[in-house]
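For reference, the structure discussed in these notes is given below.
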């Protein structure tokens, strides 16, 4: 009844990410698909428009790898640590090439994905009043309430060509479940033309069907399921591993220096053939150090009705 | 600690040495006494709010823009999306829901913001230094700050003072404060249906500023060790100083212990 | 740290539902708080505006009980069975008193609660084109996209004075969890001035905090928690009991006849002092017949991070 | 079963007696062959879709407006919110999400509607008989029908034929069909950005109607036992009849067994 969509990361990226695409790798601090970002660098995709609320280290690496011509975002930084050098250099100096930017607030970006997912021509939000953001970005527009009670603001739909999300688990048909922070992965996935789901664990359909309220993305809109344990490192997966904060701190020195950044890409992306080699290189001790204690959810009963 | 309810001078415990950052965090935490729901930003706000929950505001509900309500972090969250804010929280929701129903819906009492530049009326820049199209420094941008400034019932700002950050004119207005003055700001808030009443306090490494009736900030408290000369040399306008300017009570031994042993043992924020 | 909000149904309704209020008892086929509706009848509240997507048997009973002057809705019927006589008589004949109606589609009602919850002046939906609904209800308005790509429709915010929802469980502070159909209870609760949560089971705060993704309503917005097992009968509670379909079928004959309806209200509402007496009268055998088999959700691990 | 792919006459099994309702449900179920995602309405659509999932469309994904995607009901759901559609489903979501992302987002291939009145172009009334403000009969109203008619890729209608239901002019247009004709409808759909292409089939207790290029319905199949006289006496306009009108293959033994033993053992819908 459901065909398997399980693919390797190489094949999923090769088949579904095309030069010139608008690509959204979403996940707000949680479940960031570094594995997919690295594969996009490795396959030397070009002229991408990268969309994401928080460009984070993964987009700094991708932009250093030369895959992008444009960035759509709402907060640019290494959270809790500092800046993203490769992106800042492109914006501040235009070197090695200019980077076009299209900028919103967090809620504006969430609204954009929501409008894209819901086939709405705009999404209204009560933000941007007296801010210079609508001046810097004329796609943020005023809209008059049809009830005569004043103006608010609108953002336009964002419909990525490809959305990529990392999740705790999915079945082979792409039915995907997440717990912990949900970010705006659901909206970004429904808004997209194509969807790649990368998971820690492939599970039987029965596991998904036993708890349907946890499903955030239905297989209906998923094109490929990639099984890539630890694929979100150095970000984290609730219940599976912690954020590798040492990496975020280390990145601060690397990203300030173009040569060091390129060397890092060679060592950790170009010279490796995939995620397994990356994990191997990271080492078992480091992986083990990120394992949390256990905090089980408890069980609820859906009831068997026949 | 409001300007109208001042405590006596430093307690005995304040004889302990403390850094300017520690004083700033402690002062910010104390301002949260009596507040119920606080929207927590990354960095300094994060540690100040976590300190407040352990001291003056044990009932404080923490809202993280990542989608968490009622967080009970077991350690200082490394980022606003740290897994420790999820485990044991009251509710975890999508960002759509967090921004729509909690923030825009008017449930947040205090939004806590940082800033790269601020002007005398609390207007904030976190976007660029220099022109937008060709910035000399590209800053992080709004994140959720623009909507927090408009929708949180009041806004607290925490930031270090310097001639580059406390400026006569900000380069880009990311998040509105009291605009050109309180009268204009109140009219625009009313007409636009904002639920927020704008900034109420700015806590720096030198002192505590509250906003007067005309919407301009006024120095009400000077931290121990700081001087008015320090204040004037780190600000781009002639500051308004309270006639009854007082000295901020120094951090207590308990506050310092919580910061040093529980919240920031590595000294990342408090060096 | 959190004060208990646990109250009796009598006190919650007496304190929080006032004559003239707009009241929303939400729950789409699932988790309908018949217990709260009956208490509102018993306390002879008057001049209410009743809002609900599907007025269902409970609003038919409340309107027969004379509590309402107006109905805001999107689908009026006894689902899968037939009509609602008390409401239809009021609309068709104006007897015993006229009933004002304000009518939307389902998505329109969901959009109204959403706008109310999000402090938006309107909610945009791609519906109502070429329908007579905007003619019948001028509060449904056209709105022009600020991006020059045409018109869609808007509905105005709905902010009930009181929203009442039934749920599987809550803690004493009102943190409320639901599984199975979610309807629009979340939006209706966030949109309301006051919220009453009625639960099958009062649980320790630790049960809620063990699975925070299941929380649909935070205690922050809840005014009273009423513990009322089987309080949703004859509707159902996922995992706890089935819909009592015999009651829905029986109601079809009762609702066609005004005298039979009033007799039913005497026997099952006015002459009883609360829900416990109703359940007692229903009988243990009938209650037992509604118990489903077991279908456990499985457990997920949130991880303990310190 | 499209008009272009007609089967030979009734099979041997059709010798079994069957009711008009059974024929209607079987015919509607067969129309779902090849469809992927179906939005299920209450009553007759519910049983037809559940029959299709057990026969011609085993891969059919059922969407219930109550918030369920990929339902696998173990029994015939008593209502569109029956708990049996939740247990074992692929996803359970809020109604906001169901209507926003699944329906309005364009993921529903077939929306299945009932009607109290329909006109020759498939415009539907489920609101009132008589004037809106003083109706002689108050009907249920839109529910999700108005948005299904606009946003589902195509619309199937299932209803019994009668002079009161198949009318020249409906009293209230709850859900748009082909409006005044296909040309007008296509222009309005394009201009309004509708994802739906409108009604494609109406299955009744007498036959199966498809919509021609001009947007008017045409009788392509007549159910066994029904006559053109029956059709004309239960319709308020001069109906268009296909030149190659054929007889609908009677229900098979399997179809009848599924209806009678599994889906509607009480005969609530199929009497």
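A, B, C and D label the chains in the order they appear, each numbered from 1.
Keep in mind that, in the parts below, a residue touches a chain if its C-beta (ideal position, glycine included) is under 8 Å from a C-beta of that chain, and two chains touch if they have at least 3 such contacts.
Quick caveat, the model's predicted, so the values are computed rather than measured.
The chains that touch both chain A and chain D are C. With centres defined by CA atoms alone, the chain at the far end from chain B is D. Of the two chain pairs considered here, B-C and C-D, the higher C-beta contact count falls to C-D. Between chain B and chain C, the centres computed from C-alpha atoms are 40 Å apart. We define each chain's centre as the mean of its Cα atoms; on that basis chain B and chain D are separated by 59 Å.
Rounded to a whole number, the gap between the C-alpha centres of chain A and chain C is 37 angstrom. One inter-chain figure worth recording: chain C and chain D are separated by 29 Å, centre to centre, where each centre is the mean of the chain's CA atoms.
Residue numbers of chain C whose C-beta contacts span two or more other chains: 114, 119-121, 125-126, 149-150, 152, 179-180, 182, 186-187, 210, 213, 238-239, 242, 292, 295, 302-306.
Chain contacts: chain B has residues 68, 82-83, 86-88, 92-93, 100, 104, 151, 193 touching two or more partner chains. Under the stated contact rule, the graph of chain-to-chain touches falls outside the line, ring, star and complete shapes. Contact between chains, as defined at the top, is found for A-B, A-C, A-D, B-C, C-D.
Within the complex, the chain C residues that touch chain A are 119-126, 141-143, 145-147, 149-150, 152, 154, 156, 168, 179-180, 182, 207, 210-211, 213-214, 238-240, 242, 292-306.
Note for the complex: chain C touches chain B at residues 1-2, 114, 117-121, 175, 186-187, 190, 208-210, 212-213, 215, 218-221, 302-306. Per the touch definition, chain D reaches chain A in the complex via residues 37, 58-59, 61, 68-70, 72, 74-75, 82-84, 86-93, 97, 100-101, 104-107, 151, 193, 195.
On the side of chain A, the complex with chain B involves touching residues 28-30, 53-54, 73-77, 79-80, 83, 87-88, 91-92, 103-107, 110, 114, 125-133, 136, 149-152, 179-184, 186-187, 236, 238-239, 242-243, 245, 248, 292, 295.
By the touch criterion given at the top, residues 42-43, 46, 65-68, 78-83, 86-88, 92-96, 99-100, 103-104, 127, 132, 135-147, 150-151, 172-176, 179, 188, 191-194 of chain D touch chain C in their complex.
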